[in-house]
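Reviewing the structure listed below.
We call the chains A, B, C and D, going by the order they appear; numbering starts again at 1 in every chain.
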Amino acid sequence: MSFEGLPAKATGKKMTFLESIYLVEIVRGLGVTISHLVKNIFATEAMPTMQYPEEKRVYSDRFRGRHHLMQREDGTPRCVACQMCSTYCPADCITIEGAEHPDPSIEKYPASFEIDLLRCVFCGLCEEACPCDAIRLDTGIYEIAADDRAKFVVDKEFLLHNKSDGTR
Amino acid sequence: MEGFLFWFCGSLMFLGGVMMVVQRNAVVSAAWLIFAFICASGIFALLDAPFLAVMQVLVYAGAIMVLFIFVIMMLQGPALEGERTLLKLPMWPAVAVPPMAIVVMLIGYLRGHGLTSLGGRPPVGFGGPEHVARLMLGKYLFAFEMISIVLLVALIGALALGKDERKLPWK
Amino acid sequence: MPIVLESLAKIVFMFLLILGMVPVLIWAERKGAAFIQDRTGPNRAAIGGVRLAGLVHPIADVLKLVFKEDVQPDARHKAMYNMAPWAAMTIAVSSYAVIPFGDFITIAGRKIPLVVADLQVGALYVLAVASLGTYGVVMGGWAANNKFTFLGGIRATAQMISYEISMGLALMGLMLVFASLRITDIVAGQGDLIFGFLPKWGVVVQPLGFVLFITAVFAETNRNPFDLPEGESEIVAGFHLEYSSLKFALFFMAEYCHMVVGAALISAFYFGGYQIPWLPRPVLEAHAGGLLTGKLIAIIIVSGIFAVLFLRRAQKERNKFGDARDREPRIGAGLWLMVAAGAAGALLLKPWHIGPQGAEMVASIAQIFAFVGKVVFFAWLFIWVRWTLPRFRYDQLMHLGWKVMLPLGLANLVVTAVVMALV
Amino acid sequence: MAKLTIDGKEIEVPDGTSLFDACREARGEPLPHFCYHPDLSIAGVCRLCQVEVEGMPKLTIACNTGVRDGMVVSTRNERVTQAAQQILEMHLINHPVDCPICDQAGECGLQNQYMKYGLYDSEVEIADKVNKAKAQVIGPHVILDKERCVLCSRCVRFCDEVTGTSEMGIFNRGNRAEIGTAPGVELDNNYSLNTVDICPVGALTSRDFRFQKRVWMLKAANSICPGCATGCNVRLDHEAGRLYRIKPRYNPDVNGRWMCDRGRMLYKAVHDENRLLDPARGGQTLRWAELDTDLLAGDGGLFVTSAHQSLEEMFLLKKLAAGGTVCGGLAGSDTGDSDELLLNADHTPNRQGLGLLDLPEMNGAALAEAISGTTGPVVVHGGNPAGEDVVAAALRGHGRTVYIGSHDNETAQACNLVLPGAVWAEKAGIFANRDGRLQAFSQSVARAGSSREDWRILAELAGGEVPGSLRAVREELAEALDLTEVNLNKLPARGLAPVGATSGGED
């Protein structure tokens, strides 16, 4: 990061007499704020505020929303419980228990896969770490709310289907 | 009515004074003192001395006690267990002496004058700002100025005693 | 007995004025802040779809605060902790007793002065009560036994001591000019004109005093450039950090009451109180009929415009939300139309033919409105300044109080005294 | 002695040292290798430890080359590195590279060395790989993945040379060569999990540990195996308060690099459902604060420890007993299988300790008689003397019985007051193994429930006469054992050999 163009330290500029008695500058400041106020009263529609539940911001496709466990064609999770994501996770929010899969061609699968959404920082490092492209943050869901802490811990079934807009 | 208010204010003020003395906690003690001052101001108001009444609140309750509380807080900190206050001595004289003195005074007063003489009317304008000003800046001007000089000297003396000697302006 | 009834009525009026202004001020604070910062501000809470541009929010806030759990720190000093918010509120409200909100009003042949208590030493009373105002803050901050609240309390005391002196000095200049400590005298004195065209308002005769006074009032109310006892960014929320529920609401309301008191003091001392410039009481009474008619016509025009605006909005925003809020523009338009109709109906009563008694009443009411209008403006000034200026640093605050305002106040007093002696 | 130059550094090693060891000494780290193992014979099959020796036209494998005076060896030049890269690439030809699901990932020789020497961009097409059997169960403890094998033959040599059971072998040739067991033969000896330890890749993995935890998440604590009197030095791998596996720790004086499968499974007892979690009196659960020591009142009494407890605890119990009779527990309890390698017939870790502190053991009948004969309290610390019915009956008959132990067993059932102690992984202490060697173990996981360290319980029961820290207890213990010049708080890494015993073996 460069600080070019910025003064290296405070300039120490002396205030002029008018500035040093504050009053004129205060009145000027009041003028600035009142001009905003008046402008906004007469042009309410032009304000950048978004009326959130009714209007929603359109995020880029690459926005990292709530997690999503990818499925194989037969509906089982792609995840092989290698725990790369939970190892890499800076927030330590992923808990995986591996187990032997009945199908000999799969060998290892996640018996349980839980994400604590309250701990998650949505950095996307789990996506990066995953060797099987099994976890993605591509749902675009960011409205995660619940009335109970326990509901923020989402399990494998939830992450595989990911139908609700909130938490489980 | 006025008699009732007088006794009311008086007893509350007395209560405030006693509580101020017996409190272990300096801040609570100060709060009781403020209470007593406000009651005293009520008595001044009853005596048709509104200027004194307001000044009592403004100067004592409002300014001096705020300063006191500021100093107490600065020295004591937010600790509530004020066990290290000065009250190591037996407390009963503090509680018992003032009421006894007051009772003695009252008995002497009532013997001489009777209860009815408590509510005599002062002259019109008594205790108002103009009256006080005339006394203070006319009749008692010398005393007034002397007191202010004494206070000024005390102020400078406190400053000189309290300050680091090496930093005094004349050193 | 009638004097007791009179006083009661005046007290109730003052109470309604203050307590009624609190929610409005909270609303103005939030909405004004939002608009100043290019936001829309509160606009969600609604009663049956009617949002009153956010005015329902203060009501919802009050309900919420009243019914919230009262969380108290274990190590508090119980008595002081419980007393502090009430002390703050009581002291904030009690200043009103001496502020005249009108000249007089004549009811049933009695001439009633429009002030609760016309004290001989009213101005000093104001100062005395203001100086007590800090105790609520200090007691609360100390009794909660938390370092942050405690710092808030200490800051409040130091700030109070520093600025009360300047406040008193500024007022003394004014007392010299009007030669009285009685607030009604000071207000009445401001009805004159100097040089025949300039209203003899305090701000005109004591401009420096006014600046000092308004600064000190801002400091005493702990409002923005001087809100160090709260100082969110430094000491979390200062003295009321450990308060919740109703007690917090009391502190919160006390702050706004202080604001209203401050605004009332500024308008009474420096802006002529209930006086309308260039329209002294006799002139008002003489032209009461025309004045009333003009007012009614103005009301019709303004409410008509509002009604039209609401109707246009109703048309434009048809089914915008898809819920009860869609009704709002129509209800608004209806209300404004009703106001216009009421005013028009009043015109049928021939208001230009009112008798001398009616004229007196109109004059009194006009003066009350003038006072309330000034108070509202200065209350708004408090808000306006809060969202414009940054907070002082503590040393700057002390520097300003002791090294700038105190000498200026003394100089102002000396100059005023000399001028008064010469003139 | 032979003097040689390795990577420009001159070192001197005894004659007969292998070049591999000489290089390790010179470099400070071993050469890349798969098949070389210090406790096994030299096979020279992985070809990874090739070094350049001046005067030799081709690179030579270091493990199978003896040192010669005046040798000039380079291990880091481009030629050597390239050779290692190429050999690794060859090992990877048929390797499935399924690290994400491989339990060895994190402690895998192939992974580590590939990270260091690998080419990274493999030239082998996945479709060209030879597929072999995966996840094949070859014994009660071991599972085999033939694809991952690099044919280093360490396991084969282990079974041939250490256990002498020869279950494993290399079958087929060339591209199809694979490790395995002969038809009808299982890798079923008491040391089979050592093959998992020495397997440099994920070909042999433990069935018990399979998919339980990724190894890089585990934390290790040094300990001593409590399974038998041998006292193998072990490492407890644990995470978040749970033990996951036990691995041997090198101690040439005790167990070398091995340990038995029986000992490896002992961690399960730590997380047993059978654990005593709360103090209880007459079946009624108590809190420690509510504990009343009225049962201990009175003189005399019988104090029974066991060979499962640490020296400190035995010592404290002896102190607690004061005037009472102290007994070392049930004679001949917990004995069983043994073999000539490591497993001792005595399945307690500290029977020698009883001898050191002069605590005689009693047989069941004598113990029962002693219990019935005493009027004072009976305190049983650890073990399960009530496994013998006479003792159980005697305990039930006696009203004032206290049991301090970790698991709910017949003795806990029979006793009046039951105090939950810690198991060995949850506390620190000292065991004396079959040779009388004193070996310290340390705590690795948090104690279950509200159980407490036994020495704390004993110290509390004894009141003020006992030191309040384990350090102080050990100091007193050292005095009592006449080991004044020894610091029991800081035992040597290999344990304190008894006086007169010789400390042998190389490092």
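Operating definition for what follows: a residue touches a chain if its C-beta (ideal position, glycine included) is under 8 Å from a C-beta of that chain, and two chains touch if they have at least 3 such contacts.
Just so it is clear, the model here is predicted, and its values are computed rather than measured.
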item	value
Chain labels contacting subunit A and also subunit D	none
Between the pairs B-C and A-C, the one where more C-beta pairs touch	B-C
Closest chain to global C-alpha mean, per-chain Cα centroids	A
Centre distance in Å when subunit A and subunit B are each reduced to the mean of their C-alpha atoms	62
Subunit B-subunit D separation of Cα centroids, rounded to whole Å	82
Intercentroid distance (Cα basis), subunit C paired with subunit B, Å	33
Between subunit A and subunit C, centroid-to-centroid distance (C-alpha), Å	44
Subunit A, residues touching no fewer than two other chains	none
Sequence positions of subunit C contacting 2 or more other chains	none
Two or more partner chains touched - positions in subunit D	none
Graph class of chain-chain contacts, one of line, ring, star, complete, other	line
Those chain pairs that satisfy the touch definition	A-C, A-D, B-C
Partner subunit B, residues of subunit C touching it in the complex	75, 77, 79-80, 119-121, 124-125, 127-132, 134-135, 138-139, 142, 145-147, 150, 153-154, 157-158, 160-161, 164, 181
Touch list for subunit A against partner subunit C, complex	23, 26, 29-30, 32-34, 36-37, 40-41, 44, 47-49, 51, 54
Subunit C partner contacts - residues on subunit B that touch it in the complex	25, 27-28, 31, 34, 50-51, 54-55, 57-58, 61-63, 66-67, 69-70, 73-74, 77-78, 80, 128-129
Touching residues (chain side subunit A, partner subunit D) in the complex	80-84, 87, 98-100, 104, 107-108, 131-132
Of all residues in subunit C, those that touch subunit A in their complex	32, 35-40, 211, 321, 384-385, 387-389
